[in-house]
Every structure is written in C-alpha cells, then in structure tokens.
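Below is one structure, written out as structure tokens; comments come after it.
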C-alpha cells in the first residue's frame, strides 16, 4: 500500500516542491535559479520515482481503499496485469525523456515549471495505472489532462497556448462523455471496481440493454478522444508538435496510452460478451480502421517531422484500439504488445526529432538531407525505430502487428476479419512511406551534397543515451516477446 | 334606541351644516372648523362602530319618524360605520397632508369655499354610506359630483377647469343612467327604500314577470356607477381630474369619491337587488371582464405616463379594476376582497398622492420623472412614504396591498370558471405595477449628481411628516393585522342581507 | 430564539449608520462581532433545534408568520451563516474603495437577517414574505454605486424579482386553498380530496410558480437581471448573487416542490417535463453565454445561472436522491462560486481590471488569488477530488436512478455544461499563468496579492472545497436524512 | 313588444328622449349643446316619472270634498321626485354653465376638443 501511494504522491509532492521552490523569477526580481541544482534535483526525483514504481510493480499485490468520496464511491487502488504493463512503459519512457530534457530544455525559459509538471504528470500516470475502479481512474484521468496541459503550452507562444487549450478541451470533452457513461454504469453495476468480464447486472442488461450499448459507445468515443480516435483526433497533431520534444515523446508514447488503458477498463466493465457482435463493435472497428488509414495518409502528406510523427501516433494508436475492438485474445495480445512497442518506438522517434531540432533547428523533412552523416547515432536509432514501427522483424512492431492480424482473422467477424488486416498492411506500407524518406535522405543525401560543410553534430550523452535505451527496448520486445506474454495473458483474464 | 343611533344622522348633518357656516367664516377658522368636523364625525363613527360591534346587529333610523315605506331612512351597520370612520381618517390625513400646499394652489379668497366643498363632500359621502333610500342616494350622488367638481376646479388653471368639465360630463352621464335605472326600479317595485325594493325584487324574480326591465334597471344603475367610479373604459376623465387638482383634492378624489360610488354599488347589490339575484345575471361577467381589462390597461397607461401624478391617477384605474374583478367573481369572498381593497387602496392612494407632492416640491414643482431624480434624498420622509406606498401597491407582504391581493387570489380560486383568468391577470398586473412604481422609486433614489434640482432643500414641515407617518402606519396596520378588518367586513356584509 | 437570529442582523444593520463610529476599525469590529455572534447563535439553534414551530404573528385566517427548524432550513441557514462572517470580513477590505459604506453595511446586514428568515420560515407564507423582503433589501445594494448602469441594473432586478414573486404568489394561493395547511411538510400538503379534478390547473400554476421563484434562481428566460446586477460591489455579487439571493430562489423552489405541492403529485406529469426542459436549457444556455462573455464578473454570473439550474435540475427530478443532489450542489456551489467571485473581486480591487483579456500574466503577481481561482475553477468543472464532483455525481446519480429519459438527457446537459465551464474558467487560468511569449511583465509590476482580510476567506473556502471533495460522507449522509425527512 | 310599446307610449318617448339627451351629452363637442343634451336627458326622466305617476282619471292627492279613498288620488311621490330632480338638475346646469363661461373667457371657444388642443399647446 505504501509503495503504491508513495509512487503516486512522491512525484506529485516533488513536482509541487519544484514549482514552488524554483518559481520562475519575474523581470525585476533579484532571485536567480540555480539550474544545476534544479536539474540534479529533478533527476534524483525521477530516479527515486522510477525506483518506487519498480518496487511497487514487483511487490505490491494487495488492493486497498484510500478513502471514500461518498458512501459508495471508494478511491480504490489495485495493481493488476494491465496496469502493470502500462506502468512498465511509463517507468521506462518517463525517466529517459526526463533526462533527455535536461539537455534539451537548456535554452528554454521557465524550466522549473516544465519539470514540476513533468513530475506531477508522472505521479498521476502512476496513479492511473494502479487505479482499481472507474472513479479513481476518472479522477486521475482528469488530473492527467490538467497536469500534461502545461507541458503542451510550455513555450507560451500563441500557437502553443491555443494548442494547449485545444488539447484541454478535447480531452475534457472526452472525459465528460466518459463520465456520462460512468453515471450509468454506477447505477447498473454492483461496484465500479475493474473486472475483465463484465460488471453489469444481468437484470440491468435485460432492462436497458439498448441504452447501455449507447452508453458503452459514448464511453468508448469519450476515452477514444485521448487515444486520438477518429473523429476526435484533431487535437493530437496540433498539440504534440508544439510541445518541447521530450514532452511530445511522453505525450505520444505514454499519455495517450491512458486513453487505451481507459478503453481496456471500459471493455472490461461492460464485458466483451456484452459488446461482441453488436453495432457498437462494428462502428467502433470501422472508426479505428478509418483512423488507422487516415492517420497514415495524413502523416504521409505532412512535411513537418514532428507533426508527421504525431499523425503517425494517431494511426498507430488505432492499431491498438483495433486490436481491442476485435475482442479476441490473440488480437488483445497484439494490442498490448503494440502498446509497449509503440510506446518505446514513438518516444525514441520524438526524442530523435528533438535532438535534431536541438542541434540543427531543422523541423521539415526535406531539410534533413545528410543528417545521418551529421548525427549518425541519433539517425541510426531513428532508423531502427522506424523499421519497428513499419513492422519489420525482429522489432517489437512486427510481433504486435502479427498478433493483431492473426487475431482479426481468427475472430470470425463478418467483413472485418479480412478487411482489418488488409488495412493494417496498407497502413504499414504508408508508414514505410512516411518514415523511410528522412532516413534515406539522411544517410544518402545524393550526389550534390556538399560534404565539405559537414560537421559532426552528435548531441551529448544526456540525449543520446535515453534515445539508445528506448530504441533498445523496442528491439528487445521484438526479440523476446515471451517476457511480456505472461503478463498479457493475465491481463486478458483480468488478473 | 340608544342615543348613539343618532350619530349617523348627526354626522351627516353637522358636516352639511358646517359647510354652510364655513361660507361666512374667514379661511383660518374655516380650516379649523373643517378639521374639527372631520375629527368629530370620525369620532362618532368610531363610537358607532364599537356600539354596533357590541350589539352585533344593524339598526334603521327613521328620519322624522315616518315609518317605512313612506319615510326616509338611514341605516347603520358595521360596514357603514367602519366605512364612515375610514373615510374620515383618510380625509383628515389628506387634508392635513395637502394643507401646506393650499395657499400656493388656491387663491386666498377661495379658501373658505374650498372648505365648504370639502365639508359638502364629506356629508355627501356619509349620506351615500348611510342612506337606505335610493332617491336620497341619487341626490347625494349629485351633491357629491358637484362638490368634487368644485374641488377639481378650485385651482383655477385651464387644465383643472377642462378636467372639471370632463369630469362633470362623465359624472352627469353616470348619474343620468343611475337616475333612469332608479326610476324604472321604482316603477317596477313601487318603492324607494332599499329593504322594500329588495322584497319586491325577490317577488318579481319569483314570479318571472318583468324580469327584463328589472335587469335593464340594474344594468343602468351599474353602468352609471361604473362610469362615476372610473371603471375602464370610462376612465378618460380621471387622469386629468386627479392629476391637476390640488393635492388634497387629488388624494380625496382618488381615494374616497370613487369609493363612495363603489360602496353605493355594493349597497345596491346587497340591499336592493339581493346578492344571489345579482349574481345570477350576466352583469357580473361584464363587470369581471372590464375589471380585468382595467387592471391591465390602467397599468399600461401608467407605464407610459411621464408625469408622476398622472401615473398615480392611472394606477387608480387599475386598482378600481381590481375592485370590479372582485365583484365580478360573484362570491362572498370576492366581495370581501373588494371591500378590503377599497380600504387598502384608499389608504395607499392618498399616501402616494401626498408623498408625490413632497417629491415634486423639492424638484422645482415639476412632475416629470427626469426632474424627480434623487428627490428622495432631498425629502427623505416623502421618499420613504412613497416607497412604502409603492410597495403596498405592488403587493409586498406587511403592507395592505398584499392582503387584498391575497384575498382576491383566494377568492378567485373558489370560482371555477374565472379562476385562471383572474389569477393570471392578477400576476401580470402585479408585474406591471412593479414596473411603473419601482421605476419611480428607483428614479427618486437615483444619484443626485445629474439631477437638475439638487440644490433645493426641503423645509421640514412637522405636520406633513406626521401625516406621512400616519398614512404609512395605517397601511401597515391594515397589512399586518388584517384579520379583524376582514372579520368586520364579513360581519357587515352579513348584516346587509 | 429563532426570531432573535433574524432580528439581530436587523438591529445591527440599523445601528451602523446610527452609532457615530470614530474610527473605521471600530465599526468593523462591531459589525464582525455581531455577525459572528449571530452565526454562532444560528448554529447553536440548528444543532439544538426542537421540532416546535414558533408562531410570531397571525396574518389573516389560518395564515401565520412562523418559524421552524427542519432539515432544509438547517442546510440553508447553516450555509448562509457559515459564509456570512467571511463575506463580511472580505467586504471590509473591499469597501475601502467605495463610498457610502454605512448604507452598504446597513443593507448588507439586513440581508443576512432576511435570508435567515427565508431559511427558517415554517410555512409558505412566511417564506414568501421574506422572499419579497429580500428583493427590497438587496436592491439598494445593487444600486450602491448609483451610476446609470447600476440604476438600470437594479431596476431590472426589481422588475424581474417582483414580477416573479407575483407569479410565485399564485402558487402560494394554490397551496393555501388546496392544501391542508401551508406549513412545510416533506411530501407536500395538497389535499387530494380538494384537488380532485383540478390537477391540470394546479400543474399550470405550479409551472408558473416555479418560473416565478425561478426568476431569482435565474432560470432562462428570466435570467438577464443577474449578469447586469454584477455592477454591485463584489461582496454583494459574490454573496448575494452567488449565494443568498439566487439560492433563496432555488431554496424556494425546493420548498415549493417537495414541501408544498409534493413530489407525488408532480412526478411524471407534464409539469415536471416542462420545468425540467426549462432547467436543462438554462444549464446549457448559461454556460454558452459565459463562454461568450468577456467581463469577468458577468462571466461568473452566467456561470451562476447555469449552476443554479443544476440545483433546480436536482430538484425537478423529484426523487429523494434528486433532493440530495440539489442540496449538495446548493451548498457546494455556494462555496465554489463565492470563492471564485471573491477572487474576481480581489483582482478588481487590486488592479481595477474587469475584463478577461486584461488578466494576462496576473497569475505571477497574485499567485495566491489565482491559485485559489484555479482550484475553484476545477471544482466548478467537476474534477474529482473537489467539491463540485460530488454534487454532480449526486445529481447525475439521481437522474440515472429516476429512470426518466428526459433526466438522462439532463445528464448530457450537465456534461456539456461542464465542458463549457472548463472553457470559460480555464481560459482565465491559462491567461493568468501563461500569458504568452511576448507578454510585457512591466504592466503588472506593481500588483500584488491583497491583504489577509481578503485572503483569509479565500483560504477557508478553498480548504472547504478540497475537504468536501475528498470527505463528503457526513454531509451527504446528512442530506440523505434531510431528503428522507428524518431531520 | 310592439303593442306594449304603443300602450306605454309615454315611457317609450321618454326612453327615446333619454337616448337623445345622453348621446348629445356624450358626443357633442360644443359645451352649450352638451348642456342642452343634459337637460333633455333629465327632462326625459321627469317625463318618465310623471308618466308613471299619473293614473288617468284621478286627481292630485289634495283632500277636497272629504274624499279620502285611495282610489281617487294618484301617488304623490313621483311628483315629489320630479321636483327634487329638477332642483338637482338646475344646480348642475348652473355649475356647468359657469364652468363653460370660465372656459370661454379663457380660451374663446366653446369647443371642448379645441380647448384640449390649446391646453396641449400650452404644454402644461
């Protein structure tokens, strides 16, 4: 209990401490911020948090109720396999991106605010993963939006502020749609504690089955906002690119996954059996497929690298959602695998893009000719990650996509069982289409490239090491999928 | 028969007689006599009221000991005595409240004439209240008209004369109709005394003969009295008459004169025709509809008005609409509500007129709203009193207006067909009242900075202030402990039958 | 005893202009002491209440002015008396910049008494009486500045309120005539024997009375007075137009619905559908107007409009749970809104800025005020862990439980409104804390947080918001027992 | 209806006269004509009373020749009423006329509408 709590509240308190202690001085104020102390402190906090989370993951098995909001609404924590999986992702990505940002944020203003909210978001994420019922989950889901919003609008440019607000309002919109469903679930379930096989009362299903389907759909759509599902995906390509690169990495890799986690929880609450074969499933699958295809297509046409990556996130997240929507064990495995794979890959990609921006200031894809010569390590990582995202063995992406396609074919759904894999394949092709050109141009700038002006611009260790770790992790997943298959199998049954 | 039974006759007589005396007295003495007479009559009415309450039954007083059906009779019951007392109180307050304005409004030489008229008015009102004889009632209606007309025109400016002529014409139309109705009634029944007529009317209704002439007669009398009491749409004479006459006149006219006629109508309904017979005719529906229309249109006209006194005058049209709505309900409860409203409206309206004059005084004599800005700061008591009056009109609890509204609404609920209409109109009318009265109240409490007459300061007149306070108190008393009054009205109506 | 808590503010208020205070602080001490004492008295009264009715005066017939402490009055009186001392404290500081203090405090304190009168009224007539009185004593407060704008606003306020009362009056009449008594009894007092065959008329009048009382609770289309009345000094807008006055409207509607007409009579009728539709529309309408509004206080006023209808939404669900939801929001919204209004007032007092776009970057200079504002904004949005969530949860729970499809639609309205709340509140927060890259900090250089008299109430309210957010069990339990008629 | 009307021709005439007078009083704008209308109206009522009071073949109730039988005399009250009415009507007419004179002196017209117009122009 204390491990879980401390893994939640330690980063939150630490974040608040940073926010208050290192408040950005205003013009005219004498106070100056000791940057070294700030970053050191943040680093220590991050490591401690990571350690705490890891310890909690390993040891904490019990569930406990912290307190009651109202008589029947406990704030309840329980770490199950799904939560553990997401925690794993967070605990690897966040510290990496955090260390990356120590270098990256050097020239930004108001660093302390960034770190403060970064830690807050970390804490909230941990809480989200260990939430044991829908209300607790919802609580931290909202808080996640609130704490990650400052990361988006950090630069405070007009564009960033608008993007931050857009992110905020889309997320809230989704959250409220979900809340609508929660109200109804609350009345139709015995408790809001998570389960994997449906918590609806049989009598309720008999009585308002039709309306409950609507509710389920509204909830899926609502949480789908966070996961960038069509039609509420528009915030994602706006918000991710304007954030500082490490923040985009975290957003794309971890925070949007909160939406996925939410949808897994919702599916569990309603029960796959209740939803399978209904119109909800069909519509939902169609939406995910539309998103998969559309995201790739938009990414393909996008010239700005970070934006391209953001669109790619839209598309890839819907792979995961597709896997969930199929409601079949293999596909579920694929989806969860993809959660991890995509998390590592996308954070790595964003960090690479960040490193490029940091060193060269180039943001558009066509400017990146020869970049592979300038920053070889970074670009190699970028290449490997890209291959992973396309789904070339032996990277993580391959495994997950394999399972996704297999699950879909096995599911025996009409139309979608074949259509799904086809679209996934097309999208994979598009992925190759939008990720490989920077790589190719980066390493093979063409005959007219002026090698004379070439400088080594490899960033410092603080940047390269996190990128390297993340890339390795993505490959690791692909090489040894067995190490997570146990946990995924447990996740499917809700243990 | 106790000595007290002479009081009604005495009060009519001394007010009539003192009017004559006033004509030879100097202005000051006339004023004193006038006040004294009003006070004395009030005192007598009060004693009479107590007496009647203690005995619990009304009495009939033969004039010159001619027995019915030949003689002329005076009848006194609780309601009559209460009404007389109330009229005296209001009249006293109105006279006292407007006294300081009199020299400015009326030529010095006409002052004694003024008091004659007031005394005459009082006597005619008393006679209207007490008489048991229809023709006497007619005569005093005319006396009332003449003296009221005199009161209007005593302020010799073009407006008032024109208003007086208009008032006169409408009144004459009304009294002509009344007289004609009366004659037909006499023709049908052969009697002039109310109680005798009633017996005959009951016979006629029982026989089924001559019903149409009877109803025509009743209708003629009703229309006549409606015109005289300015029921919408016969109200055209009213704003000018009330708006431009002297303060006291306006207060008296609006609160008493029309009420005298209404009281006569009540007597006719109860004592001449019989309540049930009256209710069985369609006349009450007509009264009801016109009452409702009066409530709305009177208020609408008041909202449009830009002159504070005319606004208050138009408000009277609306309030008279309330009273007729109560008649139109055709129930005992409606009648009680109407009679209570007569009292409450009289108390409030005189208060408003007197307070309004206090406000216009400190605004350079102008009655335009724009000039009244901030007037309540210049004359605090008048401001407070006007506010109190307005609140009563709007029907805020604690003030008499609320009780009458309450009674009206309660009465309305009991009448199946008319319930919704009356309730809704009551609501709308309250809103409209709120609009124009609150507009004024806020206006007089608005900042003085941009007011044109900010430099005028009010010379404090003790008498005036006391009158205001008394009027407000009267209002509040009616509003707070209305139960005895309502009981008394009920008792009085019971005695009528 | 009951009367004394109403009278003490009256006497205190009247004494303020009468006693010649030499120093300002003497007056402050005097007022604050009186208000605090009265509040303590109220709480004592509420905690040691007896069931007996205190008869003050006979009106006509069977109509009395009488007082009684029951569950509802405990909620409302407790709320009002808890907030008033803080608001008074805040007003001291705020009013240093305004003129005519004495008159202000006179009516301000009178309002306290009148509001308690509404809360403690034992029957509909008494409540109606104090309800009208409330309009009258608050008008001078709205008019306080005596500018043209203030006069227009107060005029409008008067028209609306008195007009509304006129129609509420019809409801009163119905209860007098068709009820067995006018006293408040949970479940209603209508006498089935008398009402037989008159249901539709009664329902029509109920709708009218609802809208009539709804004027004070700013139900659409009778809401436009509230934003305009924002010209009043902030303590007034905060306390009266976020708590006392408007809540009196909501309180009156609850009394009318649950204690006079009775839910059994109303539930499932067309009248319920009508009022619920009106309320739902108001919820969304108020929020949308708030989003459009750029004047800070008016924006909050529109937010109040929408939130009041939350309360009414709970009330018109017409189940005990609905009442619980309504009561929860009644209390919690009061705290949240007074907190945000006080923040707005602090900003206006310290910087003289009134419009949202002028608030850029103030968060750095007034971190406490804007920190508190953020919390109240989040609470108003209904973020879990803060008070607003609990009340919305209760409301929505009641709506779901009622099984009324229209109420289900109402939940959607609540959520849309929550989203809009986020839009109009968080844009302010974002402006204050993230003013944009090219923001010129010198424009805010001489601005600072207000002194403790303003901050103390804010802190207390914030603590309450959080406290009720995480630990609302006892108070919700209490509301449950109120709704069940057990108190 | 018809025969009744003919039989009671006195009453019918008085009613018609009353209407004529009433209309004049109401609709004429000339003040003098209004007053004439008033008088016609009043006279109509007296006619009505007199008509009602008179019974053909009977005498005024003044006891001559010692005849005291009720059958011999008419009811004296209507006559008394007529007298009273005339007194009232005279005083009212006098008042109206004096008002008319005042108005004429002030505005040099007898037309009530014209006077109203002038008042409006005065603007007071």
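Letters are used for the chains, namely A, B, C and D, taken in the order the chains are written, and counting of residues starts over at 1 for each.
Note that a contact is a pair of C-beta atoms (placed from the backbone, for glycine too) under 8 Å apart; a residue touches a chain by one contact, two chains touch by 3 or more.
The structure presented is a predicted model; accordingly, all values stated were derived computationally and were not measured.
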Which chain has its Cα centroid closest to the overall Cα centroid? C
Would you kindly tell me how far, in whole Å, the mean C-alpha position of chain D lies from that of chain C? 67
Taking each chain's centre as the mean of its CA atoms, chain A sits from chain C at a distance in Å of 43
In whole angstrom, the CA-centroid distance of chain A from chain B equals 83
For each chain, which other chains does it touch, given as pairs? A-C, B-C, B-D
Quick one: in the complex, what on chain C touches chain A? 364-365, 367, 378, 381-385, 389-390, 393-394, 396-397, 399-401, 408, 411-412, 415-416, 418-419, 422-423, 426-427, 430, 434-437, 439, 441-442, 445, 469-473, 476-477
Partner chain B, residues of chain D touching it in the complex: 18, 21-22, 25-26, 31, 34, 38, 41-42, 44-45, 48-49, 52, 77-78, 81, 84-85, 88, 91-92, 95-96, 99-100, 102-103, 106-107, 112, 115-116, 118-119, 122, 124
Can you name the residues of chain B that touch chain C in the complex? 391, 394-398, 403, 405-407, 409-410, 412-414, 419-420, 423-424, 426-428, 430-431, 434-435, 438-439, 441-442, 445-447, 449, 480-483, 486
For the complex, which residues does chain B have touching chain D? 135, 138-139, 142, 145-146, 149-150, 153, 156-159, 161-162, 164-166, 168-169, 172-173, 176-177, 179-180, 183-184, 186-187, 192
Note: in the complex, chain C contacts chain B through residues 57-61, 63, 125, 128-129, 132-133, 136, 139-140, 143, 146-147, 151, 154-155, 158-159, 162-163, 165-167, 169-170, 173-174, 176-178, 201, 204-205, 208, 212
